[in-house]
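Structures follow.
Presented sequentially are two complexes of subunit A, the first with subunit B as partner and the second with subunit C.
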Partner chain A sequence: MSKCYINGIGCVSAQETTNESVEISDFETLTQSINPAKKQNYKEYIAPNMIRRMAAGVKMGIVASKKALEEAGINNPDAIITGTGMGCLVDSEKFLKAIIENDEQYLTPTPFIQSTHNTVGAQVALGLKCKSYNVTYVHANNSFETAAIDALLALNETADSVLIGGVDEIAKHSTYLHQLENLVKSEDEISNILKSDTQGYLASEGSQFFVLQKKKTSSTYAELVDVAIHDVLNQDQIADKLNSFLNTNNMSLADVDSIFLGVNGDKKGDDIYHSLCESLFKNKQQVYYKHLSGEYNTVTAFGLWIAAKCIKNQTIPEVLRLNDLKTDGFKTVLLYNQNRGEHHSFTLLKSC
Partner chain B sequence: MERKVAITGLGIVSAIGMDVQENYNSLISKKDGISRVENFSTIHKEVIKVGEIKLTNEELIDKLGLPKINNYSRTALLAEVAALEAVEDAGIQNIQAYKTGFISSTSVGGMDMTERYFYSCVENKEERRYIPTHSAGDATSKVARRLGITEFVTTISTACSSATNAIMLGARMIKAGKLDRVIVGGADCLSKFTINGFKTLMILSEDNCRPFDKDRTGLNLGEAAAFLVLEAEDIAIKEGKNILAYVSGYANANDAFHQTASSGDGEGAGLAMEQALKVAGLHPSEIDYINAHGTATANNDLSESMAIVRVFKNEVPDISSTKAFTGHTLAAAGAIEAIYSVLALQNNIVFPNLNFENSIEETKIKPITEPLEKELNHVLSNSFGFGGNCASVIFSKAN
Partner chain C sequence: MEKLKAELKERIIENLNLEDIEVSDINDNDPLFGEGLGLDSIDALELIVMLDKDYGIKIADPKEGKAIFESINTMATYISENKPA
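For the complex of A and B:
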């Protein structure tokens, strides 16, 4: 396989992630059950006449992708690959609401058009006039990971530069339904997510994009070594599957310096992380990030953004630390995520 | 030496048949599946025509042997019927014997249930079981569990080109040695959401659609699911499999012209066809049949025709759109038409383009209107979607 380097990153999230002067250590722990992304000065990125009708996901995606492309100095990638669990959910809800309330009458096409899952990827391509390979993956918590796997294939084929990203929106009624189903915490259940004894996570939204290239450049953050997904695993299979993933990359768990975990405060899924922290990952530097980002289907892209910054700076800010174990610098990082035992992903990064 | 990608199993449900054989019989006897909506209520019932599968959800649940109380969307029900047929057709006994993936695609996902219960489930707890099934990946994971596939499972949504991209990703994963075997395809059911969406875009026909006709009046929506089993050729041979055809070329390009309209000259479509030919190592003259996207909208058929004429010049191969049989099945269309392309290769027959009378003036393309028997070696299938997503795939005969 050819090498894959992360050479540009961009992030819109519930934190001030587009402001270069704000450090990860300045991020504040989320304290709401629903946490919207920070508003951006969209006029800097998008023609003013287009902003009003544009879905939030499209706007976030355009900002994050422009930042990543600018940093890597790329304007026409060989592929644009997007992951989104739910697409532009606000517009889907808007169109659905109109159908139900007006008995299929007086509808306008814009929310329908934007409800299509590939809208963000398409709008990014349209903005760049980029005619290359363009795909959108919509597989819940593994949407972004499949985009990354596709990018690794593409770089091994003929592509030199690939733009990948994740994007998801908060939408009011869907989030309310998720609260009814204990997928999202209610306001009275908010606590330190590490000590949560209730079901559900803190809902959020965001978009993260990355330029991946075959060659290392002055803006390189890290090498993206490999990504693997498992749609479902029993707890006792995780160690085996992780070991074989590392073996495929000529590594073992002993080579991994730091583990970024998807702990999100949902007791139903976090038990898996906590038990791994006590066993398989016991002597590893453990990191978490969803107290800062909240949860959405493609939040692992936020995890990758955080990990890329930590590797480049060779420091892990205190706010991310899940245990006290420290190492002198770190070379190899593993991101592990799952959702209630489904949609497991392993993402392996190396410092350059 | 690059691994060749063999097709060893097919499964399909559409408005013209509940399995591969029924679909084939309908195609060669010019029997379309276009009718009125019967399975659910919509105020457009008497206005539009659709390619509806005439089995209710309850009948599909019975057919699949699922518990009466379940949380399958219709998309998931259709997907499971087609995927089970494909795996059986490929003679797979032990799915875990090789590294096997599952790549599905959808545009509707669980919307058919969401649109019924979105508000009422607040009061009615019974209906809340459909909340998590709204996600596009839900049907994929359900079918993967039923098939016993646990590792590489994913879902693509690139509007009407989705399933073609699923075939392409599957073939690339096999070539890269990441998977030995992969079941690829897509599923979409009819829903009020899509009917009304396309209605607002004013591209639904009130009559049976007429692909490539000068006086075409828009598309008929359809519902369907189809899956193909792809295997690395070396493994298919080792297992003594009957190879039905090969996936020899594929490509994806973006028109980057407009969110919902194709460019006048079909630039993205042309790029996809040219690059697919390049991947297959074929000259345009070696394509014997094009199963076109041919939705019968004013925009698509002109744009696609322009692109075909540009790529194939004076040697435009025999061409037909099968959308007048099935309706436009959105994300599933690429898989439906992939199966029709394989059936064409196996039986040396070009399927007819129904309801055609006069050619589009700009391109003069005259599709095949009666079943045509001739030797076929390479078939090109096109799928284009909103967002400028254009995808082409080439299937080649198994020798």
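For the complex of A and C:
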């Protein structure tokens, strides 16, 4: 396999992630059940005549992708690969609502055009006038990881630079349905997500994009070694699949310095993490990040953004630490995520 | 007629998400497409739906659209002459 380096990153989230003067250690723990992304000055990035039709997800995706490309010094990547769990949900809701309210008549084109899952990848490509390979993966909580796997394959073939990203947006009606299903915490259940004894997460939205290249450059954050996904696993199978994943990469768990976990305050999924933290990952430096990002289908891209920054700076801020174990530095990082026992993913990074 | 023109401006701004544009920024004779408000072909479809939904007017021949949607004045005139009783 060709090497794959993360050479540019961009992030729009519920934190001040586009402001370079704000450090991870300045991020504040989310305190709302629904946490919109921080507003950006979108006019700095998007032409005014384009911006008026764009949903939040598209705008966030364009900002994050532009920042990543700018940092890597890339104008036209060989591929644009996007992951999204729900696509441009706000426009989907708008269009469906119009169908119901107007008795299937008077349907306007804009929300229909903008509601498709691949709108973000398409708008990023249009903005760049990039006609290369452009694919959007929709695979629930593994959407971003699937995009990353495709990027690794593309780099192993003819591509030299690939832009990958994840994006998901909050939409009013869908969030309401998620609240009814106890997928989202109610306001009175919000507390320290590490000690949460209730179901549900803190809902949020965001977009993170990365420029991946075969070559290491002065802007390189880390090497993206490998990514693996699995749909449903029990705890024994998690250990087996993880060992097998590491073995494939000529490593064992002993080689991993830090584990970034997708703990999100939802008891239904967090029990798995807590159990692993007391067994398989007991002697590892454990890190969590969803108290800063909230939860959305492609939030693991935020996890990768955080991990890339930590590796580059060789520091894990206190706000991310799940246990007290500290290492002098860390070379190898594993990101592990799952959603209520489904959609497991392993992402392996190495410092450069 | 003046009331209709003001109403049209409000609806155009709202339906087409014309951010940063106020009713007072649109003159009655300003071209809606091209150099004026800068509307495009997708906006034209939105305006056709708006005429049907809000004023009960169906534009049977799309070629008519160019003249109808030239400005707020032409739209208001067309609506007042063709609105079902």
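Convention: the second predicted complex is superposed on the first by the 352 of 352 C-alpha atoms of A that agree within 3 Å, B and C clash if a C-alpha of one lies under 4 Å from a C-alpha of the other, contacts with A are read in each partner's own complex, and residues count from 1 in each chain.
As a working rule, a contact is a pair of C-beta atoms (placed from the backbone, for glycine too) under 8 Å apart; a residue touches a chain by one contact, two chains touch by 3 or more.
Only a predicted model underlies this, so the values are computations on that prediction, with no experimental measurement involved.
Look at subunit A after the overlay: subunit B and subunit C fit there side by side. After overlaying the two complexes on the shared chain, residue contacts for A:Ile113 are found with subunit B and with subunit C alike. Of the two partner chains placed around the shared chain by superposition, neither subunit B nor subunit C is touched by A:Gly165.
Within the superposed three-chain model, A:Tyr137 lies in touch with subunit B and out of touch with subunit C [touch as defined at top].
In the superposition on chain A, the chain among subunit B and subunit C reaching more residues of subunit A is B.
In the superposition on chain A, A:Ala122 contacts subunit B only, with no contact to subunit C. Touch criterion met: A:Ile51 reaches subunit C, while subunit B stays clear of it. Between subunit B and subunit C the least C-alpha distance in the superposed model amounts to 8 Å. Across the two superposed structures, the residue set of subunit A contacted by subunit B and also by subunit C is 105, 107-109, 113. Against subunit A, the residues of subunit B that register as touching in their complex are 42-44, 102, 106-107, 109, 111, 114-115, 118-119, 121-122, 128, 131-132, 134-138, 140-141, 144-145, 149-159, 165, 169, 172-173, 176, 178, 192-193, 196-197, 199-201, 252-260, 267-268, 271, 385-389.
Interface residues of subunit C facing subunit A in the complex, by the touch rule stated above, are 15-20, 38, 40, 42, 45-46, 49, 52-53.
Those residues of subunit A lying in contact with subunit B across their complex are 80, 85-87, 92, 95-97, 99-100, 103-105, 107-109, 112-113, 115-119, 121-123, 125-126, 128-140, 142-143, 146, 149-150, 153, 156-157, 173-174, 176-178, 180-181, 183, 228-233, 297, 342. Remark: subunit A residues 48-49, 51-53, 102, 105-110, 113 touch subunit C in the complex.
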